[in-house]
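Data first, discussion second: the structure below is written as C-alpha cells.
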Amino acid sequence: MDFAPDTTTRETCDRVRAFLTEEVLPAEPVLDDELAATPDDWSFRPVVRRLQTAARERGLWNLFLPPDSPAGDRGAGLTNLQYAPVAELTGYSPRLAPVATNCAAPDTGNAELLAHFGTPEQRERWLDPLLDGTLRSAFCMTEPDVASSDATNIATSIVRDGDDYVITGRKWFATGAMNPGCGLLVVMGRTDPDGPRHRQQSIVLVPRDTPGVTVVRGLTVLGYDDRDHGGHAEIRFDGARVPAANLLGGEGEGFAMAQARLGPGRIHHCMRALGTAERAMDLVRERATRRTAFGGPLADQGVVREWLAGARVEIEALRLLVLKTAWLMDTVGTKAAMTEIQAIKIAVPRAVGQILDRAVQLFGAAGLSGDHPLAELFAGVRALRLADGPDEVHLASLGRAEARRRAPYLAPRNRTPGTAAPTPLEGDPT
Amino acid sequence: MDFAPDTTTRETCDRVRAFLTEEVLPAEPVLDDELAATPDDWSFRPVVRRLQTAARERGLWNLFLPPDSPAGDRGAGLTNLQYAPVAELTGYSPRLAPVATNCAAPDTGNAELLAHFGTPEQRERWLDPLLDGTLRSAFCMTEPDVASSDATNIATSIVRDGDDYVITGRKWFATGAMNPGCGLLVVMGRTDPDGPRHRQQSIVLVPRDTPGVTVVRGLTVLGYDDRDHGGHAEIRFDGARVPAANLLGGEGEGFAMAQARLGPGRIHHCMRALGTAERAMDLVRERATRRTAFGGPLADQGVVREWLAGARVEIEALRLLVLKTAWLMDTVGTKAAMTEIQAIKIAVPRAVGQILDRAVQLFGAAGLSGDHPLAELFAGVRALRLADGPDEVHLASLGRAEARRRAPYLAPRNRTPGTAAPTPLEGDPT
Amino acid sequence: MDFAPDTTTRETCDRVRAFLTEEVLPAEPVLDDELAATPDDWSFRPVVRRLQTAARERGLWNLFLPPDSPAGDRGAGLTNLQYAPVAELTGYSPRLAPVATNCAAPDTGNAELLAHFGTPEQRERWLDPLLDGTLRSAFCMTEPDVASSDATNIATSIVRDGDDYVITGRKWFATGAMNPGCGLLVVMGRTDPDGPRHRQQSIVLVPRDTPGVTVVRGLTVLGYDDRDHGGHAEIRFDGARVPAANLLGGEGEGFAMAQARLGPGRIHHCMRALGTAERAMDLVRERATRRTAFGGPLADQGVVREWLAGARVEIEALRLLVLKTAWLMDTVGTKAAMTEIQAIKIAVPRAVGQILDRAVQLFGAAGLSGDHPLAELFAGVRALRLADGPDEVHLASLGRAEARRRAPYLAPRNRTPGTAAPTPLEGDPT
Amino acid sequence: MDFAPDTTTRETCDRVRAFLTEEVLPAEPVLDDELAATPDDWSFRPVVRRLQTAARERGLWNLFLPPDSPAGDRGAGLTNLQYAPVAELTGYSPRLAPVATNCAAPDTGNAELLAHFGTPEQRERWLDPLLDGTLRSAFCMTEPDVASSDATNIATSIVRDGDDYVITGRKWFATGAMNPGCGLLVVMGRTDPDGPRHRQQSIVLVPRDTPGVTVVRGLTVLGYDDRDHGGHAEIRFDGARVPAANLLGGEGEGFAMAQARLGPGRIHHCMRALGTAERAMDLVRERATRRTAFGGPLADQGVVREWLAGARVEIEALRLLVLKTAWLMDTVGTKAAMTEIQAIKIAVPRAVGQILDRAVQLFGAAGLSGDHPLAELFAGVRALRLADGPDEVHLASLGRAEARRRAPYLAPRNRTPGTAAPTPLEGDPT
C-alpha cells in the first residue's frame, strides 16, 4: 500500500493547476459577462471555446479516457486512479474547467458508451467529433412521469418497424440538450416490455434534428437554467424514427450499458465535488479571516473552527475512498467496484452539500446571491444528490448487499489483485 | 394551561382555510403564467391585486396587527397567539397568501415600526397607505461590505446637515425594493459613530424617489429573483437628503427599534415556515402514495416513513414553541420573550429546511425544477436561515445567556403572568 | 390557548421543589453509602424508606393517579397535565424522587392496570398495598428469545387447566423484580396462539413466591445493576400455577391492556427525562463556569455555548409537546392521544440522550465514572430508548400513520374538545 | 498510489485471523467465567496468560514495534502501515486480542517512551520485562481536579531534592494500575511551574511500590471496572521519592514526550475501534437475519438497511484515512502526521460510537446487558472519545490550523515523500 501519487499524476496535476490559475479562474467573470450579454443563447460562449483551445495546446484534453478504453489512443493515457485527482482539480471551477478539457458530463459518459459498444460507423460518426469537441451530446433517461431511479419504470417505447426504430415518449433533465451544438441524443427506452426486468431496455442513437424530436424547453435547477453548458431539456419523442443501425449494442442491453456508463461517471462527479468543496474551504478561510463580527475575525469563533475541522476530516476520508474506488476500477473493473461506486455516490454529494451549506451560512446573504460562486455551486451539488438516482436508492441497495454479505470478517481470504477479484467492500483490513 | 385554540382563532383559521382553498391555491398557476408573460416587470401582478380584493372582502386583512398596537384599530384584532396559526396557514402558499392578506414582510414590520415610533405626520403619510395596501416599503439594513449580523458593523452614514439628514452608503437584500410600487425605504445607518455600541444607529424614512437614491439591481437567491413580490434590491445612497422630520424615533434609537421590529417578524417567519412544511408533507404524502419503485409505493419504504415520522414530531414540537412565544409576547412583551424568539429563529428554519430537503429528495429532479413548488419553497426557507442574521448568531447569543443563567432549576419562583414577568426560557416545569 | 400553569400545578411544583432541595438531593450521597455498605442487597435502603415517610407527610404521595382513575381517591387529584411538571421535577433525581413519592415505574403502571381492570378482590389484595408503598411489583413482558417489541412474538404460554392458569416461559428485564419486597409479577403471555394477532395475549397476576417461579438473576444495563430499586430480573416460569381468578381483565385482552398501561407510563418517562436533562444542564453550567482550559472558562468556548443553546431549544420544545400530550390524555383519552404519545417516546429519549452525551463529553473521564451522577443518568436514559420498545418501532408506526393520513391540511374541521375528539397530530394550526 | 496491502501485511493478517478464530474468540466466555469466579481480583486471569503463550508461539508478539524503533529488534518488524490492519483485527476482541499479543495500551505507549527516551539502565530495568510481558505499566497523566486535556493545567509537582525527585499530587484514570502485576507508573508532573507553557512538565518513572504512592481505588466507566486488564486507578502521590536517575529524558521534556507517545497510540486506538465496528456489523447482520418482527426479518426493514449501508461507508472511508496516517508516520514521521492523527482521533471514535449505538438499538435490551458483548464494547468506545483528551479539543485545534492554512489549494507544490515533508492534510489531490 502506498499513498504517494505517481509521477504522471503529480505532473498532470501541476499542469492542471497552472491552467486553472492562469486561464480558468480569470475566465470565470468573463463567462458571467458573456452570459449576461446573450441571455437567450444556450450555446457555448466564446470564452469556453478559447479555453478549449488553450487546454488542447497544453495537452489537457480528453483526460478522462483510460488507456485501456477502445478509444484510449484519443485520450491522455491516464488511468482512473491517475485521472481522479485531475478531475478533482477541475471541480474547483466546475462550470469551466471540465468543459475546457473536454471532460464534461454527459459527453464523457456518452463517449465511453460509444467507444465500448459502438459499431465502427457509429464511432466514426459520433465518437470522433465528440472527442474533437466539435459535437455535444445528451443522455435521455429520466422521465417526468415515473420514478426513473427504478430503471424498470422507464416508459418510453422503442419499437422496431421495418429497418427503423420508432421512439415515443417523454424525457427530461437531458443535460446539455438545449445547446444548439448538441447533435446527438442517447436515448434509453423499452424495446421488450415483456422481457426480464433488466433486459427490457435498449439504447438508440438519435440525431437531435430527427423529425418527431422536439426539444421542448430548458428546465431549471433551484432557479438556475445552466445555459452556459446547454441546460437541462425536456424532450418529446413523437414517433421519431431512426435507422435500425442506430441501435447501440444489442436489444435488451440498455440497462447493462447504462450501468456501465454510470460507474465512471459517478467517480468523476464525486472527484469534482471534492474539488468544489476545496473551493468552498478556500472561500470560507479567506472570508473568515477578513471579516470581523462581535469583536474578532470570524475565523476565531469556535463554531467556525469546528466546522472547518469537520469538513477537513470528511474531505480527506472521502477523497481516499474515491481514489480507492478508482484503483479498483483499474485493477478489477467497474463491475467489481460497483459497491464502492455506490458508497461514494451516497457519501460524497451529501458531505459536500453540507460543506457548501455551512459555507453559505458563513457568507450570509451574499452566499445565496448571484454575486458569489457559492450559490451556484450549492445548487449544482444539491442536484448531484439526485443525478443518476437519489442517494436513498443507492443506500437501500448497499444496505441490502451488506445485510446479505456472507463472507465473515474473519474468514480466510485470497485476494491478490490481478489473480482473483477482491470482494468489493469486504470491510476487512487487508 | 390549555392547548385548545379559542373561538376567534378557530373561526379565523376556518375562514383562511377556505380562502386558501377557494382562491389562493387556484391562483398559483395564474401567477406563474403572469410572471412568464412579463419577465421584466417587478410589480405586483394582476392576480395579486385580485386576491387582495377578495381577502379584504372576506375580512382577512392586516391580520398581523395586534389589538394593543397603536394602529390596532386598523387590524383584525388578533393577538399574536391568535395570529400565529393564521400566519402558519398563509405559509402554505407563501408567495400569495401573505401578500393577499396584507400580511407580508417587510411591510408588516415597517408598519409596526411606524405605528409604534412614527409621528402623526409620518403615520399619515406612510402607515395609512401601507395598511391600505396602496404603498409598499423596504427595510434597508444589510450591507454588502460588512458582517451586518453584528449591527455595530453598519457603515452607512446618516449625517445631520441643517434641517436635513444626508445618507451615504450601500445596502443590499432590501426585499421588495425592486417593486415600482415600493415608495418607502426604511434605512438604518450610523448617526453617532463614537457613541456607545448600541446607540450609534438611527433609522430614517427615505422616499424611494429621493435624489441620490439608486436602486441598482435585483439580487438572486439560489437563482430566484423573487420578482413576484419586488425582489431583493441593491441600493446606493450617494448623499441622499431627507428632511430631519423623516427621522424615526430619536437619534441613537435605531438598534433598539430594529430589535423591536424583528421580534414579531421572526414569529411570523417561523409560523409561515411551519405552514410551508405542512405543504411539503402534503406533497410528499401524495407523491409517495402514488409513485411506485422497486416493487411498491414509495410510502411503503421504511426510509420514507422514518422521515415522515421525524418531520411530524419536529413540526408538532416547534409549533408549540412558536405558539408559546406568541403567548409570551402577548402577556409579558417582546423584550421578555426575546430568548424564545431566538430559540424559534434558530430551530424552525433549520428543521423546515431539512424537511424540504428530504421532500426534494423524494421528488427527484422534479423537486428542484421550476415545474414544482418545492424548489422555490426550498430556496425561500434556505434564505430564512440567514434573514435577520444567520442562526449561528442567535445560537451563540442564546448559548451565552444559557451559560450565564443564574436562577437554578430548583429555586423557588414567582411568575404569575401579569404580576411579574416570567424569566424567559427558565426551563422550569411550571 | 394558555401556557400558564394553574395554581394547583404551581403550588405542587413549589412543594416538590422544596422536597427535592431539602430532602432528596442531600439523600443522594447517603444512598451511595448505603449501597456500598450492602452490595448484595436488592431491597430498598433505609434512606428510601425515610424519604417515603417524609414525602407522605408533605402530601407528596401517589401524585401520578389522575382524579378520574377508579383509584383516584388514593392519589393527589392531579390531572395528567398537572402531574407532568411534577414528574419532570422528580426526574432531577431519578433514583430517589420518584420512588420517594410512590410514583416510580413499574409500580405506577401496574397500579393503573389494577385500578382499571382489577376485580375488587385483586384490587384489595394488590392495589391497596401498592398505593400504600408496602408492596412492590414487576411487569413481565420482554422475553430474551424473541423481538418483544412486536407483541405478537410473545412466546410465554398461559394455559387454562381446570381452575388454574399454568405459565411456562422465560422473561427478562423485569424491572424491580430482584427486590425482595416485590411480591407481585404482572405477566403477559399467550392464552390463544391461534386467535387474531392482538387477541392472543392475556395478563395474569402471579405472586412472586409461586412455586415454579424462579427469579434467576439480575441483569445489568451498561454495567449498572440498579440494585437500589430492585434491578432488572430474568425470571423463569416452569409451569407456575395460579388460580383462574388471577386473570386480569378477560382472556385475549392482554395486548390492549398493555397498550393502555404504556400510554401514561411513556408520558411519565418522558417528563422525568426532561428533568434529568435539566440536571445535566445545571451540572454543565456549573462545571463550564468553574473549569478553565486553553485560556479561559469552558463556558466561553463557542462549542460549549452552541450545545447549551441547542439543548435549551430542544428541552423547551419537547416539554411543550409532552404537556400537550398530557392535556390530550385528559381531554380526549389515552387512545386518541396515542400518536402524540408515540411522538414523545421517539423524540424525548433521543434528545435527552444527546444532551447527556455531550454533558459527559464536557466532564471528561469524570463524566463516565461512578464519582459523578452523569454516568448513571446517561445509562438510564440510554435504556429508555429501548424501554417499551425501541424508538424505531414507534417511528415506523408513526410514519405509517402519517403516510396514510387522509385529512388534508386545509380541510374544514370540527374539533371542540369535549364534543368531538381531535384527530391526533393532525398537524393543523388550530 | 496503490491500495493493495503487501505480502507481509497479508500474511500477518492471515495469521492473526487464524489466531482470533482458533484461540481468542473461544476464550471470551472463558474469561467471563474466570472473572465471575474471582470478582475481587484485578490481575490477569489464567486465560490471558494462556493466550499470550499461544500468541508468542505463533510469532504474534510485540507487533506494534516498528522496525525503526530503538527497540525494533524486539518487535515483529511491522511498519505502522503494516501494523494498522493487524491492530484492527485485534479490535474484534478488544479485551483479549491486544493483550494476548502484548500490544495493549498503555504498555505499548510506555514501551515506546522507554525505547526512545530511556537510558540503557531504564530500558534494561523496565523496557525488557514490558516487552517480555512480565511487567505491566500505567501512564499517570489525567488529574481529577483540572481540565487535563490542557496539559498546562497539570498540577502534580515533581520537585528535585538532592539526588531525588519528590512527587506530590493526585492522578486518576491510570489504566491498568489496579493490576498487581503493574510495577511501573510513568508519571507526568510539573518540574518548572514558571517555565514556558510547554516546558514546565517532566516525566518520571515511579515503581508502584514506592513509599508515598497509594493506589486508592478502581474507577468505573459507565459501570464497568475493566478489572480484566487492571482497571482505571486513582493514585495519590504524597511526597513519593524516586532517584533522579528515574527522570525520563530531560527536565521540561514531558509535554513533548507525551505528545510523541500519544501519536502512535491514537492510531492503534482508531484501528482497533474499526475492528470493533466490524464486530458490531457481524453481530447485527447475524441478528437482523435471524430475528423477525412485524412480518419479516429485521434485515428486510428499510431503516436497518439504511444504517448498515451508512456504517459500511463510514468504516471504509475512515479505515483508509487511518491507513494513510500510518503511512505518513512511516514516511514523514509522527510530527508531520499530527494533523491526520488529530483527524482520525476526532472522526473514528465518533463514527464507531454511533455504529455501536445503533447496534445496541437493534439488539434491544440484550444489547445493553452483560449477556452480550455489545454493551461493554459500547462503553469502551464511548470512553475512547475522551481518552487522550475529548474530541472537541482536537477539533478546535484542527480547526485553528485549517483556518490559518496558508498554502492555497492551487499553489504549486513539491512533495516527493522522502525528499520534502508533505504538508499534512493539505487537502490537495496530489
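By written order: A, B, C and D. Residues from 1 in each chain.
As a working rule, a residue touches a chain if its C-beta (ideal position, glycine included) is under 8 Å from a C-beta of that chain, and two chains touch if they have at least 3 such contacts.
Keep in mind the model is a prediction, meaning the values are calculated, not measured.
Participant: Counting C-beta pairs in contact, which comes out ahead: A-D or C-D?
Facilitator: If we tally the C-beta pairs in contact for C-D and A-D, the bigger total goes to A-D.
Participant: What is the chain whose Cα centroid lies farthest from the Cα centroid of chain B?
Facilitator: D
Participant: List the centre-to-centre spacing of chain A and chain D in whole Å, with centres computed as mean CA coordinates.
Facilitator: Distance between chain centres, rounded to whole Å: 41 Å.
Participant: Report, in whole Å, the distance between the mean C-alpha point of chain B and the mean C-alpha point of chain D.
Facilitator: A distance of 52 Å separates the two centres.
Participant: Mind pulling the residue numbers of chain B that touch at least two other chains?
Facilitator: 301-306, 395-396
Participant: Can you list the chain C residues touching chain A in their complex?
Facilitator: That would be residues 301-306 of chain C.
Participant: Which bits of chain A are touching chain B when the two form their complex?
Facilitator: Going through chain A, the ones touching chain B are 142, 144, 146-150, 153, 172-173, 219-224, 232, 291-294, 298, 301, 303, 360-362, 364-371, 375-376, 378-379, 382-383, 385-386, 390-393, 395-396.
Participant: Using the touch rule from the top, collect the residues of chain C that touch chain B in their complex.
Facilitator: Touching chain B from chain C are residues 1-6, 9-10, 13-14, 17-18, 20-21, 81, 84-86, 88-89, 92, 271, 274-275, 278-279, 281-282, 285, 288-289, 299-300, 302, 304-321, 323-324, 327-328, 331, 340, 343, 346-347, 392, 394-400, 402-405, 408-413, 416-417, 425, 427-430.
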